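Following are the structures in question.
Paired with chain B in one complex and with chain C in the other, chain A is shared by the two complexes that follow.
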Partner chain A sequence: MALSITTKMSQDGKVATLDLVGEIDSLTAREFKKELEAAFVESEKLGTLKYLVLNLEGLEFMSSAGLRVFIFANQTKPDLNIHVIKPQEAILDALEKTGLMHSVKIVSENPES
Partner chain B sequence: MDIRIDLSPTHEYKGIKYRRGQVLPFGSSVIDNGAINFSVYSSSATSCTLVLFKKKAPEPFVEIPFTQEFRIGDVYCMTIFGLNFEDLEYGYRMDGPFLPEQGHRFDKTKILSDPYSRALGGRDSWMDDPNWCNIYPHRSRIIHQDFDWEGDNLLEIPIEDLIIYEAHVRAFTKHDSSEVHSPGTFSALREKIPYLKELGINCIELMPIYEFDEWEHSRENPETGETLVNFWGYSTINFFAPKAAYAATGKYGMQVDELKTLVKELHRNGIEVILDVVFNHTAEGNEHGPYISFRGLDNKVYYMLTPEGYYYNFSGTGNTLNCNHPRVRNMVLDCLRYWASEFHIDGFRFDLAAILGRDQSGAPLLNPPLVESLAYDPILSSCKLVAEAWDAGGLYQVGSFPAYGRWGEWNGKYRDAIRKLLKSESGIISELSQRLMGSPDLYPYRGPTASINFITCHDGFTLMDMVSYNRKHNEANGENNNDGANDNNSWNCGIEGETSDKAINFLRRQQIKNALTILMVSQGIPMILMGDEMGRTKNGNNNTYCHDNELNWLNWKLLEQNADIFNYAQKIIHFRKAHPVLRNKEHFQHRDYKDAGLPDISFHGTRAWYADYSQNSRVLAFMLSGEHAKGGTITDQTIYVGINMYWDGLEFELPQTQHNKKWYVFANTSMPDGHDITEVGEEQILVDQQKIIIGGRSVIILVSK
Partner chain C sequence: MQTKTFSGTLDSLSPIRQYLKSIAGNAGVSKKASYNLQLAADELVTNTILYGYEEAGLQGDITIFSEIIEDQLVVTIQDSAVPFDPLSKEMPSKEDLSKPLNERPIGGLGIFLVLNGLDEFRYEFKDGFNFNTLVLYLT
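Moving on to the complex of A and B:
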């Protein structure tokens, strides 16, 4: 299954929201990373990005490659708050067991809404 | 321009695009643009084919032969483009002669895993019933090697300061009482780090975590019907791949990330990680064993063979890895470099390491190249290297393992001597004095840090069983009690096995405390077996290699049931950490080189300054001068340890303290719980400073302040 990504940027550039639907594997992880980089560039034009919101409700699978994009975001912008919305159980499990839970916050709603 | 011109396909085969690959690194590796490089070698194969499967697919989707232009020397290499490597499994078919008398056993009908693969599929979850008809059961997989270490590195704790805890990943947390989220996994071990810190150890030694097959030699216990398995894991399938079934995320293929996260977290908490590595044999067994990898790739290179082409069996398991063949030697070196650099592993304990010192025909070498290479390797230079300095072929090298100034040894003579002492055997006091000092008789030039002191380890009785059983009780192993060691040097304190006799139970606890005390006040590196700090029992079974059940699983309820043992263990560990005089790097000089009024160490008996080494003696005391701690570079308290393994109490005359100081009691194992040990700094003054009664079969510790 492919990956579809929809990105929304708040007007002040503080909040970028990515809706991820489908599966992230080693091939589609590149699309995820590209989309994230584009969001970073766009936010810089508007202000300072404070929140990266990843809506995972429609994401059915995330491989090790997907986890690495999280780390990429964390390393690129160490002060960024990464909020993850509604990850499915297997994804939440992987986030916990690989130690990435330290870097992200699981929330039920977009702080923007 | 940053476009590389050697990273585009030049060939196509059945829709797969590829080109000649890069020779190094061996194994599979992901190149920047998503291409995957494969590199494998064989000295005697006549051809090689790369076999590719979709993950868990029964049949390969393509088999690509390596043409001659893809071979450099003995190495076959190929780069593939456009595949999702996370959904890929690969292996090799090697063609060549099947001439066992010449050492060759090529069979192109077999698909072989890559000896350098960093992950293996096929045993992703523990004891998941495999497809026994699988044409390729242990499948090489490709992983991400990068990891966010957040500044972590090897801890490099000075070896003399280590306190090692030997543990089994699954056994540590599999029991329901462990109350963790994913029992039996790396992740669960991470949850238990606070416990390890509370206990006070600073190094965990993990029994094998390389990929092995728990189903190997599995069978039914004729008495119980239970499946007996390869639980301990001393039978490697692949030396580079962590065991997927030890990871809660193994089912997602994330075992590498989970293990690295565990190591990072242990390091954050000041705990080093030593791996128990098994380079003496593989899981392929003898000539009747399966083809997994090495046998089909280059049998003559990877195994020690008799002139007739049969397998030497110095490991007791059917085959012997040909460690001192230059190619195998390089593989071992590559492997350990990988674990040190990619997983931040702090040290290695080599199972049956005497095999590492045998030549290709099995004869012991004076200057074994592998042992030397490991000792001088730049990447491994700060890793601890520890040998189990014997093998199953009768080579016993405790005290004589070629060390190159680097190697330590599991000191089997320490274990035997302390066990004999604890059961009040005669004629042991002279040897005891050597063991307490870090065995200078065995390691005169290497110092006490060459001696890994232990009384119990995974092999043999637990500490509780050592004081509860005279004989092994291995019936549950289904081998008619013929397996396991018979020379246990144990004593049941009066009744074989569990008893409600209060006096015997009190004595057993006292003996456990004696053992822990002697271990923690000995020079050298102490190692504790998982669970001994809480009185773990295996019901007298001294060889539980095949049990995935409560015989091996640590029952955490013991922490409450044996709270006194845990309390004692915790405090005696803290005592060792608080006193540098117990952790010297160099041997004692038996003289006062600091003008302190005392020699660095002195031995005593029931009379001060007169140790009794006679055949019937069962007592020994020693005093460590605080002025001479760590070779006189640090000032510590002076410590007196009195050991009375006679069965009645005896009066010990005490040596005089220096500088108007007084003796204070830190521990007395003959006292009941609550009075047997105190906190460091809260020692009670000894009323009579001239002498002390030391109870029968007990140990006291005094500090001078």
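Moving on to the complex of A and C:
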């Protein structure tokens, strides 16, 4: 299964929401990173990005390549709040075991919606 | 023993996971253990493809052997890439893993996930091939 990504940007450029459906491995993590970079560029035209919302409800697999994109997002924009919506148990487990939980917030709803 | 060969390219990652999912399903392992097996194999095969084959300018295959030995599902991944022992790479320390994201080294997470999700892991280089062996206990 591949990865499909839908990006939504709030009108003030403060909130970028990425719906990630499918699987993130080393091949598809490249698309995730590209989409994220595009969202960063888009938000800069509108204002200052404060929240990155990653909807993982439809994500069935994520390897360390996906985790590295999380780290990339945080290192690119250290003040960004990363919110993760509804990760599946195995993905939540990886976020916990690798300590990424300290830097992201698990939420049940998009703060924008 | 079951055997299947895949080309040593990133396009093979998804088919390899699908294959291991069916192997794990047939062996009756839990959903979580199946996921961990797929994740461990994905991390190892990714390293082989990116560093053992592509970066070294080599091409080759990934062959997966699987069998149930007593109460263990034993999956061995064979490749002809540059010799590489995943255990030789330094694992992130507990301290690294508790660091905020913006202070972290970016590597090492993969092998951490490999070892975290398996009951046993072995590496051997023999007759020109790397053999990574992944073991799940079935009881």
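Note that the second predicted complex is superposed on the first by the 113 of 113 C-alpha atoms of A that agree within 3 Å, B and C clash if a C-alpha of one lies under 4 Å from a C-alpha of the other, contacts with A are read in each partner's own complex, and residues count from 1 in each chain.
Criterion: a residue touches a chain if its C-beta (ideal position, glycine included) is under 8 Å from a C-beta of that chain, and two chains touch if they have at least 3 such contacts.
Source: prediction; values computed, not measured.
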item	value
Chain A as common anchor, with chain B and chain C clashing or fitting	clash
Contact breadth on chain A, by residue count: chain C or chain B	C
Partner chain in contact with A:78 - chain B first, chain C second, else both or neither	second
First, second, both or neither for A:46, with chain B first and chain C second	neither
Touching partner for A:65 - first (chain B), second (chain C), both, neither	both
Partner chain in contact with A:89 - chain B first, chain C second, else both or neither	second
Chain B versus chain C as contact partner of A:2, first or second or both or neither	second
First, second, both or neither for A:26, with chain B first and chain C second	both
Region of chain B that runs into chain C when the structures are aligned on their shared chain, from 153-161, 171-179 or 243-251	243-251
Contacts on chain A seen with chain B and repeated with chain C across the two complexes	25-27, 63-65, 67-68, 71, 74-75, 90, 93-94, 97-99
List of chain A residues in touch with chain C within their complex	1-2, 23, 25-27, 61, 63-65, 67-68, 70-72, 74-75, 78, 89-90, 93-94, 97-100, 102-103
Chain C to chain A touching residues, read off their complex	10-11, 13-14, 17, 32, 35-36, 38-39, 42-43, 46, 49-50, 92, 96-102, 104, 106, 109-110, 112-113, 116
Touching residues on chain B, where the partner in the complex is chain A	34, 84-87, 143-144, 146, 148, 181-182, 185-187, 247-249, 252-254, 256-258, 261, 264-265
Residues of chain A that touch chain B when the two form their complex	25-27, 30, 63-65, 67-68, 71, 74-75, 90, 93-94, 96-99
